[in-house]
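Several structures are given next for inspection.
Note that chain A is present in both complexes that follow, paired respectively with chain B and with chain C.
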Partner chain A sequence: MLKIAVMIKQVPDSQDISIDPVTKTLNRSMARNVVNPPDVNATEAAVQLKDRYGGEITVITMGPPMADSALLQLMGMGADNGVLVTDRVFAGADTWPTAFTLASVADYLGGFDVILCGEETTDSSTGHVGPGIAEFMGYEQATYVHKVEYENGFFVVVRDIEGAEETIKIGKPAVITITLNANDPRNPTLKRKIAAYKKGVKLVTNKELQLDPACIGLKGSPTIVKDMKTVPDPVKNPSKPGIEELDKIVSVLIERGIVK
Partner chain B sequence: MIKNRCATPPANVEIYKDLWIWLEQNDGELSRISLEMAGIGRKLADKYNEKLVGILLADENGERMAQEAIEYGVDRVIFVKNQVYRHYRTRPYADAIASLIVEKKPNYFVIGATHNGRDLASRIAVRVNTGITADCTEIDIDPSKKLLEARRPAFGGAILANILCSRHRPQMASARPGIFKPVDRVVGRKGEIERVENSIKEEDVVTKLLQIVTREEVDITTADVVVCGGMGLGKKEGFKILEDLANELGGIVAASRPTVDAGWITRDRQVGQTGKTVHPKLYIAVGVSGAIQHIAGMKSSEYIISINKDAAAPIVKYSDVALIGDAYEIVPRFIESIRKGKQALREGRASSAKK
Partner chain C sequence: MPDYDAIVVGAGNAGSAAAITMASKGLSVLLVDRSDPPGAKNLSGGVLWGNDLAQILPKWQNEAPLERFIQDKKIGFLTDKSSIIIDFKTKIFEDNKVGHTVLRSKFDPWLAKKAKEAGAVVIPGITVESLAKKDGKIIGVEESGDVITADVVILAEGINPRLSIEAGLREPLQDWEVSVGVKEIIKLSPQKIEDRFNLTPNSGMASEYIMGNLEELNVGAFFYTNKDSISLGIVAPMEQLRENGITHTYDIIEQFKEHPSIAPLIEGGTVAEYGAHMIPEGGLGMVPKLYGDGYMIVGDAAGFGFSNGLVLQGMNYAFLSGILAGETAAEAKGRNNFSSDSLALYRQKLEKTYVLKDLKTFKDIRKVTGNRSMYTTYPKMLESILLEMLWERGQPKKKIREILGSCAADLNVGKLKTATDFYYMYRRM
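And now, the complex of A and B:
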């Protein structure tokens, strides 16, 4: 029996994000919300662990109330419980208070044998939240993992590093972060989805956690954004020659000294 | 108790000094990223009169690596020697480095954002209650307040955020690999090596390395011509025709992430947010849709040709030339045209030489 948590985040679909040509600001109003893709792989990894070794899966997200739809979707894939951590005081957090709040929730829920995360999010892409949670919890950790096995109280995982793939054995409890496409996530089933809607998600606010408001959210964030500039999209107006015009392209490449 | 944690800033930030970098090593060899960090570190240290300190955890090979780091611009290496540090493992590394930070109080700490670097940096930042800017692509120091200004792209590079960590120390950043350049090695350059004792024993470490399979790495970042294949190739064998195209152009084959994840090609060739950043003279994207995470890694290429069935694929609007059609039809014809062009060039040269 493994007590498994998966930390997941709802993010704007990165394909829908653009720079507004007039205001030069990030336009995310058109963006649909999706579960951060590697978090879906982390959930699949959790379901596979449960299938093989038995256990209970809780998917957890810190975010706005509408993020419950993400939890329900993953419960449809096979997670048993959903926990939505939501409170104004958690807003604006950088990685330190994000990891702190999520670790406090994991602690509040009695701790886990393993907490799975995605390798990184598409919106903040730091990959720092998982190891941060591990540090707050005092857990072992393994990042960039695409294969997890559980043997005699240890996790054996395969992780990617630059220039190599390593297999390591880590202790329990642990935080393991899963790479995008580490596995092939199953689709939610209708039956499970209906059950998920019936069951609903558990709400956790700071009433339950009792964290010092000075230490969480924007106030508890050591980093501050000094300024932000939008980088103009290097959008071009390409020529679209037909296949019979390839020779012309080659002459351009010759002019540019590329073909020589 | 987790409950009582708070990232309370230190009272006296003025006593924090020096610029630290992590000297990542693998099995007794300094990683390429360590030289890159020494490069940016040296620049900042010269510009703002800082001392550049490299943190090295290694076995007996550390002596040689410490000297090498000094030759690449580091002023002083703090070398913690122990067999346990032969391979990177989160806990023993984080424990040793966090206690060095508490003892020596560095003002800045920059770590290369490799997988191990990110794994380590985030753990340390939480331990010592400071902030960290992840994956920055520009680093500078505001000289008046001695603040680290770390710029990082978000949303696939659509915005660039300048992030400060003004009240906490050390001011930490992880830096994207392949962006910062090493300085030239000066053989025999002198520096200090401070050797620190550590009595950790292998029995104390829970994590064990069971197996490591290394890959021969190719460097796609320095090629003048990059030919990148995507899922549109439909199969692993599709990369063969790209190999021919790349050979014809004296270039190198690269790939989008899902083709790597599918095992069609090795990870060292991946372009993008979670892969490499390239800026060749010519980038040819074949069967690549141009997702924001892909564009992040190639948009500063000088000239971009895309080959895609779909005229509405996002890659098209980033291209100088968009060839709309089937890759298997276009690529062989393209190769032919290049051969013809080269032939004509040679004949042209030959005839002008005769004159």
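And now, the complex of A and C:
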């Protein structure tokens, strides 16, 4: 029996967002919210672990009240419980207070054998939160993982490292971050979604957690965005160097007789 | 004991209206929609007329995400270089505020939320795979090998009713039954919209055109104002598109946008969204059997839409058919009888309202909307007449009768043909 948590985030669908050229901020007004795609892979990894080794899965998200739809979707895939961490005081958090708050929630829920996360979010791409939770919890960790086995109290995981794979064994409890497309996530089913709807999600606020206001939300965020620059769309503006490189590659291929 | 009193498939206007009606009458209701948030894939090219919605949600005008109330309604003809438009702007619309432009991607999730508040279990993001049948009766829905049962299933699955067709409850769609609507949403600041169309911050304009500048197809076009965007699009009969084979809908919408009367109205705007959808235009001829043992069909899935070339409506038919099916289900629950005979009440209710009355009244309208002269000859004729009457060219003036005669001759239209066309229009519109 594994006690499994999956930390997930609702993000604006990246297909629908654009960058405001004047304010340089993301224009999310046209975007619908979706579960951060690698978090869906993390949930699938959790369901596969449960299928093979038995266990109970809790999906956890920090976000506004409407984020409950993300939890219900993942409960529809096979997660048993949903926890929505929602409180105005958590708003505006960067990765440090986010990891701190989520670690505190995991602790509040009695800790887990394994906490799965997506490798990073599509709306900020830091990859900080998973490792941050591991550090706050004092858990072992493995990042960028696409395969997880559980053997004799250890997790054997296969990591994607640039151009290669690395298989490592880590102890329990652990935080494992799962790559996008690590697996083929199952669809939620109607029956499970109805059950999830009936069960509902558990709400956790700072009343329960009692975290120091200086360590959470915007106040607890050390990141300051100094400037943002937009780069021209590479598709609309094909850069000259790229084409020269391509010419070079083609001429080398012709030289070596690989293409004619 | 079934899992629910009623399952509604599809959270569009018809489905959510049915769910709200039944849940407020105490029935246990499951409302399932394929997209999350519910209804997010829905699209419309018209104005929402809310008289029926007010039956179930009296405060809809204050609560719903509406864009602008229609104060100004235009209908007209476009030719290559001209537009002939009737501009109907009335204080009556302003006093009643019943017609509104809406963006369905905002409106439908709101309506589904109302169904949830009324007590329905609303499950978005699930595509029902098939209808569950037992002894010839519809007993529920199937998904991922699970069967969820109900006394009655209300099919609100939209214009492409896959479940109904697969279960043999209706024939597959025929080309003549539908038109293809292609729509764009063009972002424009509220200030520009209000200046260009002479509107106030809440008032809006909706217009519908016959595109007389397309030789080969009977195409209608629409154009209306939202808060900070314009919705515009074209509607072309599937049958003609298929027959023609070379004209693409995206070329037609471009032609509409480039028309000298339309282009200045969207100048400086950027395309934010585009979409396409089928529209029921088969009239009474495409309406299937609307009920049977354990099921009822509502909204677009039932072919409930109205089009006479200048007026295009469907959302009001969706609300009303959903409400009536919901009422029928509640009454059937009271009798504990969900057989075909018991649900026949739904059809009887529809017969008493404009839903089936309109379809009956205009059952021959396709002879008008299908008449190519309406789209090609007559707009040009109107243009010639107006040129003769309104353009000073140093020529002696003619009497209207002579103008009519010479225009008809120029366009090679027989007087008898024109007379019969107008007679039919008069009879059928």
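The rule is simple: the second predicted complex is superposed on the first by the 218 of 260 C-alpha atoms of A that agree within 3 Å, B and C clash if a C-alpha of one lies under 4 Å from a C-alpha of the other, contacts with A are read in each partner's own complex, and residues count from 1 in each chain.
Definition applied: contacts are C-beta pairs under 8 Å (C-beta built on N, C-alpha and C of every residue); 3 or more make two chains touch, one makes a residue touch a chain.
For clarity, every value in this text was computed on a predicted model and none was experimentally measured.
*Asks:* Please work out whether A:L246 is in contact with chain B alone, chain C alone, both, or neither, and reply first, second, both or neither.
*Replies:* first
*Asks:* In the overlaid three-chain picture, which partner chain does A:I254 touch, first (chain B) or second (chain C), both, or neither?
*Replies:* first
*Asks:* With both complexes overlaid on chain A, does A:K226 touch chain B (first), chain C (second), both or neither?
*Replies:* Only chain B; A:K226 stays clear of chain C.
*Asks:* Determine, under the contact definition given at the top, whether A:S69 touches first (chain B), second (chain C), both, or neither.
*Replies:* second
*Asks:* By residue count, which of the two partners contacts chain A more extensively, chain B or chain C?
*Replies:* Touching more residues of chain A than the other partner does is B.
*Asks:* If we overlay the two complexes on their shared chain A, which of chain B and chain C does A:M1 touch? Say first, second, both or neither.
*Replies:* neither
*Asks:* Touching chain A in the complex: which residues of chain C?
*Replies:* Residues 30, 32, 36-37, 40, 105, 121-126, 128, 141, 143-144, 146, 148, 272-273 of chain C touch chain A in their complex.
*Asks:* Under the touch definition given earlier, write down the residues of chain B that touch chain A in their complex.
*Replies:* That would be residues 2-3, 5-7, 9, 26, 31, 33, 87-91, 94, 114-116, 118-119, 121-123, 125-127, 129-135, 149, 153-168, 177, 206-215, 217, 224-225, 249, 257-258, 261-262, 267-268, 273-274, 281-282, 291-293, 299-300, 303-306, 311, 314, 316-325, 329-330, 333-334, 336-338, 340-342, 345 of chain B.
*Asks:* Which of the residues in chain A end up touching chain B in this complex?
*Replies:* On the chain A side, the touching residues are 14-15, 17-19, 26, 94-97, 99-100, 103-104, 107, 119-120, 122-132, 134-137, 140-144, 156, 159-171, 179-181, 209-212, 214-215, 220-231, 233-236, 238-241, 243, 246-247, 249-254, 256-260.
*Asks:* Quick check on the complex: what are the chain A residues that touch chain C?
*Replies:* Touching chain C: residues 30, 32, 69, 73, 76, 187-191, 193-194, 197-198 of chain A.
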